[in-house]
Structure formats: structure tokens, C-alpha cells
């Protein structure tokens, strides 16, 4: 099985955090970037060949992924390949939608002649065994298996909902139904039999070219053609971090000692590419509670119920509360940061204030500089 | 990749008896340091930062920890197509009664030096923890008259270890001899003594010539002694290193070097300079500080969980400090656990040690208690036994 | 100094050989691909950070380059990055010309804050010390140094020609002059002071946006603004392999034992990414003369004045003469190949004939299949 | 990366005296083979092809060539984040008089096996050159009743080496004992004898239990003997390998194994099967065949230059065969040169040998002439000296 991670979106709902980087490269949980979860799941599931499809600000994502060795994915005849737009003798190949992005990369997939293709999104936080899902796909003799999450009926109105029969076969797909008939929300995770999917895509693009999106176009086509399409229910922690609010929420949940994600579980590690940094230094003026801190940090202020990512500096007299600070941010002295996300390499000058509320998280963007440091620093 | 101007030799055969039991299964070079590193990371990083890509490591008797840590040298960019880490196995001294082994001793060095195609060679150990600029050393050497340059640091006479090796310098600031620091005159200008850092730089062809000469003579003289002899028969340039340096030669000096890292100035000088210190990377989760955690003046590695109190301590990866536990003036290595209500003060816990609930273990700054790798102390009577032994 | 290799072109003049691959990924000399020469020159010159700009059929080029380790270019804070088109919050970034491609990748270059940028083409066969050229650039206090090749006055009419004063300063640039005033042909190799070049590009794209091409736009602008622009003469073997004819010619020259490229010189190696293959097998029915053969080959026929690349099979009774056979091609029995280039993975069935002339080289394309093998094979 | 079902142990302590002088500075495991490989490439590739990523290599006395060749194991995908190559240094037999060393011997194995977190372990040497499907072996083992599976090949009685170790099989085709092949009955069905390939597969926890038991007994029994003992006290499953296999145990068997590779069928069976053989890669130029070259029935590595005549020979990388030279039935290793008009027949030239112009050097199939590494023979009188000695 080969995996394609759709990491393409600009993620405009993440605002200033994705002005200079793709959403999957956004930092999470102090030591990770969002795409680490999908890549680590692949590695732990024995999925050794992964194409990462992206077309928005790919520099940081490329630098992060490199050859995939950090996730154990740099083997011969396998590996991680970042797939960007390119030109061919038939013209320029831009990606217009999730399914179209797969169509444009048929040549890449065919290099490995996979029997199954796993389609993933690059912006979900979860741990999932794709090998078990494949076993289910095979057992059902499915043409397509869709990963679904049981949600409450109330939440179901905000998702794409799969209505199934008693064998878990999907009989209807409704996008954000007002009156949901089921609580099985699509996770945007698909296993396709590759030859069948390829045929649908090639046929479509040699005729009307309408197969742009999996949810809108491909699943309805599969259902109307009676392709055996099954739902595979996932029971576990799963979070889409596509908005500032949900990204902050997921980070706060990550802080909980009994978080079901269980990041310390060594049998299903989340890998990442990290630099080797000095240990964290907690000075004689610091206070740290209910928080997670990683290497390279220097803490002389108070940190309460917050996450500090690599190489974050917090000056004396500063208070950081209910916040997530991304790598290489510098927080001066006597700063107040409350209900906020501070972007990579941001600088908050002495005495600065970044204060949000639980419903309106304050954001400081990538490399944004607020105020200035005192002379003596 | 660049053209290879320099290669390096790291000799990990350094005296380790005074560091027992921490050196029972490792050489000085792989002693954990500052919550994150092994001592050998410092010479390896210095080498890497000087764009050296070819390194010969002469392995000590217990070499497994070295191989496990250094591996292909990737962490220091030493796994390139033209360079690499070359390891030479340990040979016991008694085996040098055999002339074939003596011959092989020199052959190891010669093969490495010839293959390196380098112009200069930097020779170092690992027990002098420092962050030296080897490129600057090279420039100094190129501008100096003698075939060998030796590195020293100036230590105030008051704090110099009287037994440590020092330089005898002449009027031109050239090394003419070595002696124990107590037998070397203080430099009046600054009341210091020039303590040897046991690092040398020389031309590769010069060293090849030197080694071949001794090899043909049939005598067995180890490389460090050979360089000593050369310097005392002729003389050497003296290069002063001015950054942070600690010599790890016994338990108190090891303890103090770690405590030094709680001094912000020394911490930054050694670990946050222009020349980064690289080490083997590990995937660990962030360290969790519980609501009741109370941490001041400490260094912590990742993957830890802190529910208790920490003061003036250095914790490595994956250390668990339970509720109401107190860890004061201590070094706690990877994977160790300190139980509920335990009190640990002036203690060095090697990897994977466990101190059980309510156990009291209190040493002194001069004589910290050392728990060897994997020690488990479940109750106070077990603690007393350890203290007796 | 950071290098940017412009590997973008489709190379339409290479016809069938580049239908599915970018020109720099075209095989050369049995064990190399064209871009190996530029990458190895960088490595041997101590240029450790290399951006490879491409937008045409990048799969094979990506698979070849990987993380640059094969050329010793995979160090921390350095390395090889393949730069493809991408979208940013300002819109989609396609590359419209050589200078425009650099403009679009300013963010990448600025990551490394280089003082100098070396611009290279990915389709030249040569060995050159860029460090020496940089030393010259610094000694002249140049803003731009152009690598030039002294050619005959007759050839000069086919090149961009640099007219210089007695200090080697370029005073005029003429594209394919009918009556050349100098014999210094531009090699498409430039060293720029990065801040100056960046200013020219940014200024241009914030106004008229005309700085698309180095030869057509940037050099004339530099000359008209009196930027100190110098010519650096290269003396050695240099070949543009942009046409079938010149590619064949360069391969035939490569076969000459006294070829000035001196591929065996171990002080300036040309590196490549190779698979570990079995040794070449020359059977009891083979004849091999004036030829170069590499690992993985199986030769049961006659090979005369030809190059066989990795994993080429030649059946009994076949004759290969004055030809270049690319990797993984299979030549059946009793085949005649004369004055030809046979593309990667091509198959020539038993009894087939591929015959060109010195002036009209026959070409079999990538994966092209001519005829078929006999049953007993 | 996949979950780690299996790990592997390669023991390179194999008898090498009969291969001198080729084994003067290398173990059998790093003998060059077939123009391109080292013998250890075959077990390493078999392991890699079975998706094993954790390998322990027990080093022989001369280990440098092993370290140089295997390095991080990248060529075999063994340099992944969860696996890796772990090397264990050689310890001389006499050192096992010391109980601490005996303890450490078992500890090495046990540490490796426990850390591997694997369910099964494959144990092999390097001198049985083959291309075994270890996944198939695993499936066979899982379907078989005994805790250990041993691998054999069927050798026609006429060609079996009478001294080689063979299986004593019972009616159920299970191994009950070992004996020299001459003492084992021929199998009437096909007139063959089941020759041991000294490869074993067992559960990791079973082996851990076994090693711990012996460790606690204080006795010193090396792992291969221990497995022998286990099999003879109980019994083992017998897995038949049916592909090409050669046992390299002396000069004639080494010579013959190389000559076998000139047989297309054997060449393809060993080197062009579904399971590729990987080796450390080198950047070399193509091999040049001059206008006057005359090459038939030969294997050649890259980087060579051939101006003379080659018949039935195996040439490694960077070999130079000058004008009018003849190389017949010979093995010529990396970097060797054969001068103008020289005649070399039934000769094994180790790395970097030189045969001067017009020198005649003719051995026989049964007793090929062996030139040790770096031998230079400039004229016929020097050749005669070599032949005398």
C-alpha cells in the first residue's frame, strides 16, 4: 500500500500562522509539526512509500520532511517524495482539488505499482493503524473504504456523514446534513483499489473532467456505480486542527495528563525531525506548572498551563498562561501572554501583552515582532 | 563537502578509574553530561564545526557505548562520501609485548593518516570539556614556527589542580617541557598556570614521518607520549583556549562540571556559542510539569515528568520525579525515577536508577553519593546499605 | 556561496529522450546523468548549498538527487533542495525564465543569507572549480562575473559573446553576433553579489517585471547601470548537450582514451547516484572494442565504439556500433544498432535495426518498444 | 519501516586458516567475491530482503574490514530509526578463562536480543554463499513443531565434501544430530546428503531463555555449539535451501565459487533473483575496452581498463590489463595491474597486486597461485621466488 498525504491547502483559516508556511508544517505540542502524526502513523503501520502532495509555500515542509529518514521512511525502493506542481509535454500541472491532485500524480504512484492507495490529510492529530484498516478493506472485498468517526448527532451536522447498511456498506453520503441519519463522520481517510480509482480518474479527465474532489465527486460516483464502498469506524482521539480555535484547543488537550492520544506510548511513537539542542534551563526566578517544555528553552518567568516549543526564551517577570508558544519565539521581560498562540520566530518585546479569551484566541504571526527589548538585554 | 584540509584523531583511552562506578561500563568519553550530551560530543562537534569530515576514533576497552553513540557520525556530518568515522579497536597493553601488535598499532595510525589525504591533523581526547575553535587553532599553527601546536588554558594558581599537567613555557611563549602544575611557575602577569588540554595540531606528513620512524625502530611508544617526547626534544607553539573548560578526572570534578552548567554564563559559553554542540538525536515527548511541580535553577532533558521539587539539579531524558519528592544538587541520568516523598541531595544517579518512596539519600558537595547504573533503592534500609558500602 | 542550478527546461530539442524526464536527468557516459557534472563541480568546489530549479517532469530528477548525499551535499544547514513551482498568499509561482526563476525563489536563497550566488545550467558536461572563479570575482571586486569560453571566431557567431576591455571587464554583450568582436562565449555560469542581484530583481518585478532572462535582460541591465561585470575565462573541456547531435557527439568524445574531461581523475571525481548492481558479464560469444561498459550489463553480442549504461542486455548476434545505450535497455538477438541513441528502458526486439548516420543520429525513446523477442527467450 | 518481527545475528568468527594469505587481514566474511561483493553481503542482503532491520554482528579478530564495509548498514537499509547494526567486539578465547568475560559474552547476546524487541531471530555466518529467502524460512518455522529450525542443502554424495557438517535426519525429516558428511547415510531417493548451512531460526524468547540458563550455570559455551547441543538433546526442523550455494572454506573452494559465477545459470540464480544482493556502492568510471581488447567469458567490475586478453576470469574494480597481457582462469581483485605481455593463469591476485611486463605466472585449477595483498612481481625471477615459497 502506498500513501498519498494531501498537504496542499494554504489553510487560510489559520491566518497569520500559515502566511509563510503550509498548514501541515505548523508546529504542534511542543515538539511536533502537524504532519508528523500522519507520517508516523504511516511508519508505524508499515506503509513505507509516501507521496506528500503540496503546492503552497513548501520550503519549510520540504526542509522538515527531507528524505523521510526521521520517520524511518528512507528505505530503498520506498521513501517520502514531496510532489509539487510541474510541467509535462501536455502542459502545466496545477492541483485543482484532492482527487485532481491524485490524477496529476498518477505517474508517481505507478512507479511503485501499488495494489492499494491510502489517501490521507496532512492536518489531523490522531494515532491510527492503517494496516488494520487495510485488513478490513481486504476482508470486505471493498473497492473503497472510508475512515469514519462516530460523533454526536449534534456534531454530525458539521461533517460529511456516511449512511451505512448493517454490513457497514455505505449507501449514501451527505455533506453537512441538517437532519443526519447517521453519526459516522468522514475523516478524509480513504483506501482505494488503485487500478479502479485510476480508471475513474482517467475516464473523467478524458471526458468531462469533473473528478476534482473526493468528497464531492469521487464518493458519489463510486456510490452511483455500485462500487463496494465500506465505512471503517475509528475509535480514538482525532482532531482536525484547521482553525486557530481548534489548534489551540488540541494543544490544550495535549497538556492533559490523561490525554487519550497518549504521546508517551512507545509502541506507537510520533516521530519528528528535531535539531539537537541543549536541555531546557529553568532559572531561579521561574515558576512552571501544568505545562510542557522541551529542549532549548530558557525559562526565567512564569509558565502556567502552556506549551513551550523548542528554543523558546521567556524573560523574568513574564507570565504565560493557557497558551502555545511555537519554536524559536522570544518573549521579553514582564510580558503577559494569555489564551494565545505565538508563531515561530515571533518576538514579544519587554512589557508586551498578548491577551485573548477562550473564545477568541490571540495570535502572533510567524516572525512577527511586537514592541522591543530593553537596552540591557 | 569541501576539500579535506584537516583530519582528526580522538583517543578515548583516558584514565577512568577515579570515576568508578560511572566508568564501569563506559570510558570517560561517553559519560553523560549537562542533561543531554556525552563528553565525546564536544570534540566531535569542534571537529565538525571546523569542517573536518574524517575522524579516527581509537576505542577504549569498553567500546560499545562509543559505537552506540557515534555510529556513522551522521549527527556531526561525518557520514559523507569522502570522509567518515574510522574506529580502531582497543588492544590491551600486554598485547604489545608482541612485535606484530606493535607494528599494527602504528599501522592503524598510518593507514588512517595516509587515507585521510589531509594536510593537518588535530589530536584530542574527550575529558577536557570545551568548545574550541579548531579553525582558529589551525590559523594560529600556520602562523607559528614549530611543527606542533599544543593547547592550554590559563587557570588561576589558586584553583589549579596541583597534579594536572601544565606547560613549561619559554620567553617566546613556546612549550619546552611538561610538568605537574605544582612544579610549574606561576605567570606573574595574571597569576595563572598554563594547564595542558591534551590537544595538539600538527602537519599530517610530519606525524606520518614521526610514526614511521618509531615503527621502524621497533620500540612501542603510544602516540600521546610520542608527541610529548617530540615537544620536549624540540619545542611547540602554545595556543591558549579562553572559553569554558572542565577536566573530568574524578567524581568531584565530574559533579562540579555538571553544576557549572547551572551557571548561566558558563552554560551559554559552552552550549550556546556560535559553534553549536551536536549530539545523537532522540525522539522524546515534551517534559511535563505538574500543577504541584516546584522547579528552580535546574536543567532538564525531554520526556520527563516532574511532580515534585527540583533545585540546582541536572536531569537527563525520561526522568520521573514523583509527588513530594525533593531533588537537590543532584545529577539524575536517563530513565531514573525518584519516588513519592523521597529526598535526594548531592547524589549522582546513573542511568535507570530508582529511589523508592520516602527514601533519604544525602551526600555532600565534596563527596556526592554515586548510584551505579540500574541501582534500585526501595527503602531506607537499602539506602543505608548503599551509604555503608 | 550558494549555487542555483537551472534545470528547468523541457529540452524539446532532445525529442523523445525528454518526453518523460527533465533534460538534466538524461543519462550520459554510461554511469552519469547530465546534472551530475554541475553537482559534482559544486561538491568539489566546496559549494555545499545547492538549489535545483525545475518545473518539467521532475520525478526522475527528484529520485536521482534525493537529499544530495550521493554528491556529499547532505550536510546540516546546507544540502540540495529541488525547487518546483508553488503557490503563496500572493498567488501561484510559475517560472517564466532563468532570472524569473531566481526571483521566485528569493525566500529559499535568503534562508542561507549567502554573500554570493552562483548560477549554473544543469545541461553542460565539464569540470570546473567554482571556488577559483569566486576568488577571481572577489579579486576584481566584481558585482557580476560571467564564465566565458574562448571559441573560434567562426563558432562565435552561434553564442552570446562578451566583449571585454583589457582588464577583462565586460563592456558589451552581443547575442549571436554576425561579426563577432571577441571570441569569449558565455557559458551561462554567473557569480552575482546576492544583495545587488536581489535588488535588481525586486525592483524590476515591482515595476515593469521585465527581468525574465539573465542573458537577455539582466546582463544588459548590469552593463547599462555600470555594475562592475567581469569575464572569467575557462580553459578546458565544455560541452552543451542540448541537442541529439551534441549529446551523441559528447558521448563519443567521452569514449576517447585521451578525452580532456579525464573522468578517471580522482582529485575531481564526478559523483552519481547508482544502484549496487552485479559486475558486467561478457559471455563467450561477445566482442567488445573501443567501448565503455558498466555494471549490471550482459553482453553476448558485438559492441564497437559504443557506451552501454547500467543494466543493458545485448543478445547474441547483435552489433552495436558508434552508439550510446541508456540504462535498462534490452537489445535482443541479431539486432543492428548503428549511430544511435537508445533511451532508458527501451526494448529492441530480435532482428531489429536502428541505424542512423553521423549527421542524423537515430533515436529510440524512453521505454519505447521496437519489435519483439523470440519465444525461446 | 515495519514492525520488527525478526532480528538477525551474523557471526563472523568462522575458520579462516585454510584461506591464508587471503585471510591474513580479513575474516572469511569480507573476502571479495564475484567481481563486486564481499561474502557478508549475502547474509546482509537476505536479512534486508526479509525486512529485518536489526542486526547484531559478532566481530572476528581482524574487524577493520568489516567495519569499513558495513558501516551504518545503509546499503542494506539497516540505518533506520528503530533498527540498526550493532557490532560486538572480538574477545580472544583465552580471555574466557576470566568469568567476568564469560558473563559479558552472554550479556552481549542478551542485551542485543532484548533490545531488538523481535519475536524471532535468524542466526547465520557468511561463508555459505547463498541467496536464501528468510521470510519463507520464517513461514516454514512457524508451521513446524520444534523450537529451532536448521537450514541445509542437498548435495549429491559424489560431490559432497566428506568432512563437511551434515544433518542426521529422522523419518519425519527432523534433525536429530550432526556428523561429518562421510558418516551420514546417503538419502536413497536422490543420492544426496543434507549438508548444514549453519543457519538457524528460533524464537527470540527461547534463545534468551537458553542463553540465560547457560550464563547462570557459569559454563562457557559459544552460541553455535549451544545450538548444536540443543538440537542434539531435542531435535530441530530441517529447512531445505535449493538455490545456488557454495561453502568457502579453503583456496580451491573459494576459487571454484568465483568460477561458478561464469556459469550463466549460477550467476543469475545467485545475483539476479527476485532478492537483490546489495553491497556498498562506489563511484567508479565505466570500464574501458581498448580497440585491441579481447574479452570472453569474464566478469568485470567498473573503473577497469582492458587492452589485453581475458578468458574465464573474474576482475574486480579498477583493474588494468595492459597490451598483449593474457589473464586466464584467474581472480583479480581491486586495483591490481597486469603488465604488458604478462601471462597470468589460475592465479588469485589480492587487492593492489602488480604483475610486471612479460611475467609468466601459471597455476592449476586444483592449486591456484595466490598473491597476497599488495604483492608486486616485476620480473620472472621474482615470479619464480613466489612460486618457490
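We just call them A, B, C and D in the order they show up, numbering each chain from 1.
Going forward, contacts are C-beta pairs under 8 Å (C-beta built on N, C-alpha and C of every residue); 3 or more make two chains touch, one makes a residue touch a chain.
All of these numbers come straight from a predicted model, not from anything done at the bench.
Distance between Cα centroids is largest for the pairing of chain D with A. Each of B-C and C-D has its own count of C-beta contacts, and the greater count is at C-D. Computed centre separation for the pair chain B/chain C is 47 angstrom, with centres defined by C-alpha atoms.
Chain centres here are Cα means. That of chain C falls 41 Å from that of chain D.
Chain D has residues 81, 278, 283 in contact with two or more other chains. Residues of chain C found to touch two or more other chains are 271. Taken together, the chain B residues at the contact with chain D in this complex read 63-64, 67-68, 71-72, 74, 79, 81, 84, 86-90, 283. By the touch criterion stated above, chain D contacts chain A in their complex at residues 1-3, 77, 80-82, 278. Of all the residues in chain A, the ones that touch chain C in their complex are 10, 19-20, 54-59, 62-63, 66-67, 79, 81, 84-89, 92, 94, 107-108, 111. Chain C contributes residues 43-44, 46, 48, 69-76, 271 to its touches with chain B in the complex.
Residues 34-36, 75, 264, 267, 271-272, 276-281, 283-293, 295-303, 310, 314-316 of chain B touch chain A in their complex.
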